[in-house]
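These notes concern the structure reproduced below.
Residue numbering begins at 1 within each chain, and the chains themselves are lettered A, B and C in the order written.
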Amino acid sequence: MSALFWTLLTPLAGGLLLALIPGTRLAARLNILISLAGFLFSIWLANAVLRQGALDNQYFYIDAFNVYLVALTNLVSFTTSVFSRTYMLHEFEIGRVSERQMRLYHASFQAFMFTMLLALTTNNLGVLWVALEGATLATVLLVSLYRTPASVEAAWKYFILCGVGIAQALFGTVLIYLAAAKVVDGPDQALLWSSLIRHATELEPTVMGIAFVFLLVGYGTKIGLVPLHNWLPDAHSEGPTPMSAVLSGLLLNVALYAVIRVKVLVDGALAGGGEHAPHLAGYLMMSFGLLSFIVAGLFLHRQRDIKRLFSYSSIEHMGLMTFAFGLGGPLATFGALLHMTVHSLTKSAIFITVGQASQLSGTQSIDHIRGVIQTQPAVGWGLLIGTLAIAGFPPFGVFTSEFLLLSATMQSLPWLTIPLLVGLGIAFAGLFRHLHPMVFGNRPEGLMPIKATVWPVVLHLALVLWLGLSIPDFLAHWFDQATILISGSGLL
Amino acid sequence: MVDFLNPADWVFVWLQTALFVLLAPLFSGWIKWLKCLLQNRRPPSLLQPYRDLLRLVRKDVLLADNASVLFRGAPYIICGCTVLAASVVPLLILHQPISAMADVIVLVGLFALARFFLALAGMDVGTAFGGMGSSREMTVSALAEPAMLMVVFTLSMVASSTNLSTLVEHGLQQQSVLRPSILFALIALIMVAIAENARIPVDNPATHLELTMIHEAMILEYSGRHLAMMELASQLKLTTYAVLIIDLFFPWGIAQSASAAGLGVAAVAIAVKLSLLGLLLALGETAVAKMRLFKVPTFLAMSFALAMIGMLSFVILESSK
Amino acid sequence: MSGFLDTYSHLTLTEQAILTLAAMVLVSSFALLAQSRVVATIRLFALQGFLLVVVTALVALDTREYHLFYSAGLTLLLKVWFVPWLLTRQARRLGILRDLDSLLRPGVVLIAAGALVIFCYSVALPIQRFAESITRDAIAISLAVVLLSMLMLITRRKAITQVVGFMSMENGLFFGAVTATQGMPMVVELGVAFDVLIAAVVFGVFFFHIRDSIESLDVDMLNQLTEVDE
């Protein structure tokens, strides 16, 4: 319990502290320290949960599923904060951001972490909504940090679209409350996930079905599911790159987490209701996921901005995960959980190298980034290997998880493996036609290497490689426990 | 139910209609009187409209050279339609023999017929004003009629009937009910009535200012008894709308059978309610300025929207279980 | 002829008043959709908030769920006073208080709005069957307010009127929570109110960013980011 307290308090207090501290360099260092502390606390928390089992009280509910996301979130937040120090100080030195904006940036970074951790750990579906809306609010001013017309536009789109989308989710939450008020004793209990799951079979199936549609549309906007994805490439491409890394690597996961939590409830409610399709939630998620997967893959081909390119790749992978969670069953769920992890690690690593590559070339335009590997080999190799990993090359972890997902699809719905394979091919081609000239092309004259922190990228990619070669025992058990929680039965 | 062949009942119908026609100039005189008082002018006598009508009837009819039969026939048709419409609306008693045809849609249809001939007559002589008035009148009515029908539908959904007597009776039975649908229908009907009767803020009945006239422009060419009939028709139409609003929304006091006491109460009630309504109208017309012609469609779209919301809120909020 | 008397007339006067006010909330949504002047839009939004406060208070009285009075007070403070005040202030400072933001095709929008309400009704119909509260019929209205606000967001071009639409959507959700379930748990309501507060402040800051970057508050001019090649 105290581990949880410290895990949540660290980013909250850190955010407040960073809002008050004027020194930019000091704040950047403190940001790293706070993130590191948060990461250590989350390891402590994970350890406690794995030893003592799920934590369940009036306010928080932590089981194997979300504690692993908490740890992942804190890990990526820590490495990103390390990258962010050199990156943002470079932006500060070339005068793109002022000292006040730097302060805003650092405070918002921690506030954003806090909202995500709150969303992950809370037991209350209403608070989950509040935290996810809070995550939007914490990041919207970061997206417009550079104050260019394009960035203001991106932030406005992000704000309005996510706000509108997530409003639907609140309506869905009200409907769940409505369905729960009858079967759960006490209105205070009626939104607690832990008590809802105990009464899942008694919940009114019709109301839960409608509620799920609203929740999927609402949180799906945040996941970036097509056709609700419009804000995502803009927000990723116009904000500062560390922000893109955490948005892609973490926020999308948290939104997906919210959908899965609700799906488990809805599955329980629909399982008994005769006239209703018992897999309504799964089918909806599968169709949204598959659509996002294919459409985003196609959009990869026509991108001109390197950050937009990889944000479409994020949509594609989130689509794949949504599809897999919708498919259900232990194998698909295990694969999807693994995919969540490796995607987070890889995508944040890629955004880190992308940020360095565009600082190096002074532009985000794909046509003007050329020969990165000659200018600064570390960045070039990072970008190349990261992209190989995200495209699903063996022996990286993404290959393993995609392989698991394909096998699961083959088992239950064999015909769907065809669009999945085609989609993977399209995405692969889309990434590499742009990547090749950027990494290997003719290097423009006069480009100088920049100061870049390389080890976060190395760490992430090493982890992904490790997960691809062999999943360590404790992690496999961990995933398996989460799989049991989500799909009902384990894999191991 | 009523015996359709009972002559005594038909006498009541005739008497009531006659009363209606006689009352109409008084009602419009009352409004004029109040408006003069409110605007610090010396009011004319309440009987002034009667005198005006008499004076017009005594005068010769002057016809334009190119006036057709239509021009001469229109006043009779318009006046007839309006009287027929008035006879359908219960003034004092419900369930008369004529209430079998006393359908709200018939009422709307009768007014539409009168308006059709009015517009034709306006164009018949071929003066610029007449044509302009007709075109404006048709514009306004094309927008007002859907709103009016929407109100009718809302009311008839509430009472499950389009028969006026049934509607009124339904209103009588649930006096203290606060219904959103009725509330919105009332507001919408008042707005329609204002537009249909060419009152402020849609049109100004007291003006002959060229650019703003609607109704007056169409009857500029009339004189003598033709004009008297036209005037009477428009006064009667105003009174009919007023009585309709009272019947549908504030029906308390109306007699359900022909007893002397009931009739007395009904007469007092309708007199009080009509004078109050006239007062409200006069107050409104004094307080509000006439709007620009281009704004009229917005005004009527508002009334249509209100009526539509009234109907929707009946379906959503009131009709279930 | 007692067949006329349906169940509606058996409701108590408070309940009838709640439903009538619910319909008036819907009207206010329509009015927001049609209103073109910025200052009038903000006032209408405040009025809608006030209607919500009255509804909430009446529901609290009717169901004896007195914690709803806190929600009503919170709404009064936030949606009737603070947000309209902030929006008016920012609009005045930006000099757009008297501006117009008129609809392009009011007729089409009106028809679309009517169709949306019918759609909401059909969505809410199965839910209403399972709700026990007397105000369950208003669930469709709350959904309609949410969707009409979305329509307002789509049809408006000024940032400030879009924000009013955004906030009005929140009104619809709050209304849904009050009528369907007699409010949410207090912690959630406080959280949502906090989010609204922060959102209002962020929006207030944002107007200046937009104006500084495109020298206008017409969000139609925010059109650089697109997937369509020029």
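One rule holds for everything that comes next: contacts are C-beta pairs under 8 Å (C-beta built on N, C-alpha and C of every residue); 3 or more make two chains touch, one makes a residue touch a chain.
Because the structure is predicted, anything quoted here is derived from the model rather than measured.
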item: Any chain in contact with chain A as well as chain C; value: none
item: Most centrally placed chain, judged by C-alpha centres; value: C
item: Most widely separated chain from chain C, with each centre as the mean of CA atoms; value: B
item: CA centroid of chain A to CA centroid of chain C, Å; value: 31
item: Chain centre separation in whole Å, for chain B relative to chain A (CA means); value: 66
item: Chain B and chain C, separation of their C-alpha mean positions in angstrom; value: 37
item: Residue ranges of chain A in contact with chain C within the complex; value: 124, 126-127, 129-131, 133-134, 137, 140-141, 144, 147-150, 152-157, 159-160, 163-164, 167-168, 170-171, 174-175, 177-179, 181-182, 187-188, 190-191, 204, 206-207, 210, 233-234, 237-238, 299, 302
item: Complex contacts: residues of chain C adjacent to chain A; value: 123, 126-127, 129-132, 142-143, 146, 150, 153, 159, 162, 166, 169-170, 173, 176-177, 180-181, 184-185, 187-188, 191-192, 194-195, 198-199, 202-203, 205-206, 209-210, 212-214, 219, 222-225, 227, 229
item: Contacting residues of chain C [partner chain B, same complex]; value: 1-2, 4-9, 13, 16-17, 19-20, 22-24, 26-27, 30, 34, 106-107, 110, 114, 117-118, 121, 128, 137-138, 140-141
item: Parts of chain B lying in touch with chain C, wherever the complex brings them together; value: 159-160, 169-170, 173-174, 176-181, 183-184, 298, 301-302, 305-306, 308-310, 312-313, 315-321
